[in-house]
Amino acid sequence: MALDKNGIAKRIAQELRDRWYVNLGIGIPTLVANHIPKGISVEFQSENGILGMGPFPIEGTEDADLINAGKQTITSLPGAVFFDSSTSFSMIRGQHVQLTVLGAMEVSENGDIANWKIPGKMVKGMGGAMDLVASADNIIVAMMHTNKKGESKLLSNCSLPLTGVNCVKKVVTNLAVMDILDSGGFRLIERAPGVSVEEIKNATAGKLIVEGHVPEMSIS
Amino acid sequence: MINKEVKNAVEACKDIKSGMTIMLGGFGLCGIPENCIQTLVNKEINNLTCISNNAGVDDFGLGLLLQKRQIKKMVSSYVGENDEFERQMLSGELEVDLIPQGSLAERCRAGGAGIPAFFTPAGYGTEVGQGKEVRKFNGKPHILETALTADYAIVKAWKGDKAGNLIYKGTARNFNPPMAMAGKITIAEVEELVEPGELNPNEIHTPGIFVQHIFQGEKYEKRIEQRTVIKN
Amino acid sequence: MINKEVKNAVEACKDIKSGMTIMLGGFGLCGIPENCIQTLVNKEINNLTCISNNAGVDDFGLGLLLQKRQIKKMVSSYVGENDEFERQMLSGELEVDLIPQGSLAERCRAGGAGIPAFFTPAGYGTEVGQGKEVRKFNGKPHILETALTADYAIVKAWKGDKAGNLIYKGTARNFNPPMAMAGKITIAEVEELVEPGELNPNEIHTPGIFVQHIFQGEKYEKRIEQRTVIKN
Amino acid sequence: MALDKNGIAKRIAQELRDRWYVNLGIGIPTLVANHIPKGISVEFQSENGILGMGPFPIEGTEDADLINAGKQTITSLPGAVFFDSSTSFSMIRGQHVQLTVLGAMEVSENGDIANWKIPGKMVKGMGGAMDLVASADNIIVAMMHTNKKGESKLLSNCSLPLTGVNCVKKVVTNLAVMDILDSGGFRLIERAPGVSVEEIKNATAGKLIVEGHVPEMSIS
């Protein structure tokens, strides 16, 4: 059975490592924070200027001066710190953030990503996404395998305007976990529970590399 | 001590004219100079180029200037949440220059710091990089971005003193410090204006040298854009 | 919270090896990491490249490493006040790379901020500019300077918490914040180490993300280089 | 009679204007702070990281964490602020400091300055001088008109390695006040009390421009 959004977030949470600073994009990536594996410490950076982000505030305690990059009211944890936007992107550009998780409209088999602009539609802007994808060493894309029309979002080449080139290292979708190889191609690592290699192949327009046995994800 | 105090937003903004380029601090509606924005609306100047990470919402923040068609061009990283903005942009009334958020922040800081240009990886291989010089460092391609400055930078802080020193609160800091550096003239509006010596010189975020006019804002609505809470 | 605490300077510096490049905060003897410097002296490693605004005095600060010939190369803006330094430099034992102070600070910040290169007017037309790319912006010539990074950055703060957040005191801040950003590994030694949550998140100068190891220094001499006073 | 160092500082202090931020170099420039004209407010920036520098501390109150760029213990005034070195040079490079006063070994008639290196002698480094001279719009050099051997320090071209090119706007020496013209040359503005134009001419190796009557300085 294909994963739901929470399932994708759960699977990505397994990629977290102890002592990592992590930037989570809006949408599915945000859900990753709910599934941090036991026994590890990670800290979340929000590019509008906070490290050590906590949960939403108890009703009545919300503070207009304390939001995340999605403009939601949040809280800060002990050890948190506030900083300005140029310092925030110094952390990102300077590769002090160990993992970036973000959504995408399209990903190509050489790691290009498109997630900010659809020609002919209102363009809202790239926000911090271009800085994040151009800077991070470790980028995981969290998205559905296909779009609403059922078309694959994993392509040979992106058709939409790019957000960044050659940057995505891993893609986790409702159907599969795939590494993007330096030499090009989506290498199938894991299947969603009950999803066959064939189904994944059919949903992948770009080059899918299947080697040997591909295990099912284990997400509890 | 050089006294930067002015009476109010009207006095601070008195020389801002149509056609000028203005930087405005804030992220969404968080940390925006509410009093100065209202004053710019009242002044009825137009053809403004506004450099601001976002464009407010329909009835608050820079949305108020958009409603009255006072803005000719927006320089931002993200401009959702605003129907009037969308209408003006799609109709071609409004020019929009979209810049990656980190490049926007760094270009403002560079403008204030006398760094005319710098290399960044952000935007390489995208339309943001088109026409810009590309150079590899450590094997990774970067593009050359230039500094941004403005006729006026308008920032909002939590506390300030009459020497122009500023302290921000929480994530309301955001673009305010780099923009404060980049204004030919910088106006700071604060929630609380105190005498020099009342702020700890160790705790100041924006040194007064970057600020030309400071005043205590009359009132702050501090509207919340996305009120997300846990029910008690 | 990610706990960065280590026991002491010996543990913090245990992986520093001969031949490495090390940034050290401080201006003169103000704000230098005294405990780590003493530990490096005791470790007897050598062939170090030290990036530090100054080189200490004969019997304190980096002068201690110079006495034991542990430094191969100094990258600094000003290196007076040190006879042993002068001797080693004139004899050719010590390489010295002199960099304008502002360029040194900005190159460290750039190294930490993922900016591989930037243009600055400082040094144009002088020997500092020789061999560097020159470009005019607004009619004024600038030279291209590249980022500096280091295997280790060692900084000294007043207070810190176990998450690595740092607060400096007075002018002891100086080069410590930009260098803290630029170390592949950054060690912070502090006069007082507290639990996370004890520092106000609004008052922190260096966010903990830039710091890998932190400890409370055993003792601080904080020697004064030029004691200038008014007699009471 | 030629001015002493204090006299040079006094004359330079007349150039201060209300609301200016000022950076004073080591030596004669430091003395300028003792002669601020009545009725104006100026603030001193020291490039090691303080604005709002005060006088030396009362004996026994000195603080190792509070020094100026000359490494002397100082105090801070109400409204002072501390900052790091990159922010400090952002102020300088970004032209937020309205006046820089510094000493020199040589100045040329096109505004070049040499003040950091003598070939064959121990080189201590340029410190912040190259940033200051390359950045400031308004640079006044404070120095003796001639060196210890009696040779002019105002030259057609500097013989020593340069600190900056085309940057000095005004020179105040023990003998005279001179503007450096954009088209080149030292234009004599004022003479030290009792010093003749002829004496100044003889002490100036570079092109000295004398037009009309040259008044004596008035320093009280």
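Miscellaneous remarks
Each chain carries a letter (A, B, C and D) given by its place in the written order, and its residues are counted from 1.
One rule holds for everything that comes next: a residue touches a chain if its C-beta (ideal position, glycine included) is under 8 Å from a C-beta of that chain, and two chains touch if they have at least 3 such contacts.
Everything numeric here is computed off the predicted structure, so don't read it as measured data.
Under the contact definition, subunit C and subunit D share the contacting chains B. Rounded to a whole number, the gap between the C-alpha centres of subunit B and subunit D is 36 angstrom. Note on chain placement: the centre of subunit B and the centre of subunit C lie 32 Å apart, centres being C-alpha means.
Centre to centre, using the average C-alpha position, subunit A and subunit D are separated by 55 Å.
Among the residues of subunit C, those touching two or more other chains are numbered 106, 109, 113-115, 120-121, 168-170, 201-202. Shown for subunit D are the residues that touch two or more other chains, namely 50, 76, 82-83, 86, 89, 92-93, 135. Viewed as a network of touching protein chains, the structure does not reduce to a path, ring, star or complete graph. The complete set of chain-chain contacts reads A-B, A-C, B-C, B-D, C-D.
Across the interface of their complex, subunit B is touched by residues 19, 21, 41-43, 45, 50-52, 76-83, 86-87, 89-97, 135 of subunit D. Every residue of subunit B that touches subunit A in the complex is listed here, in rising order: 27-31, 53, 76-80, 86, 89-90, 96, 98, 100-106, 108-109, 120-128, 158, 168-178, 205, 222-232. The residues of subunit B lying in touch with subunit D in their complex are 1-3, 109, 111-115, 161-163, 165, 181, 195-197, 201-202, 204, 207-210. Subunit D makes touch with subunit C in their complex at residues 46-50, 55-74, 76, 82-86, 88-89, 92-93, 112, 122-131, 134-135, 161-166.
Residues of subunit B touching subunit C in their complex: 106, 110, 113-121, 135, 137-138, 142, 146, 167-170, 201-203.
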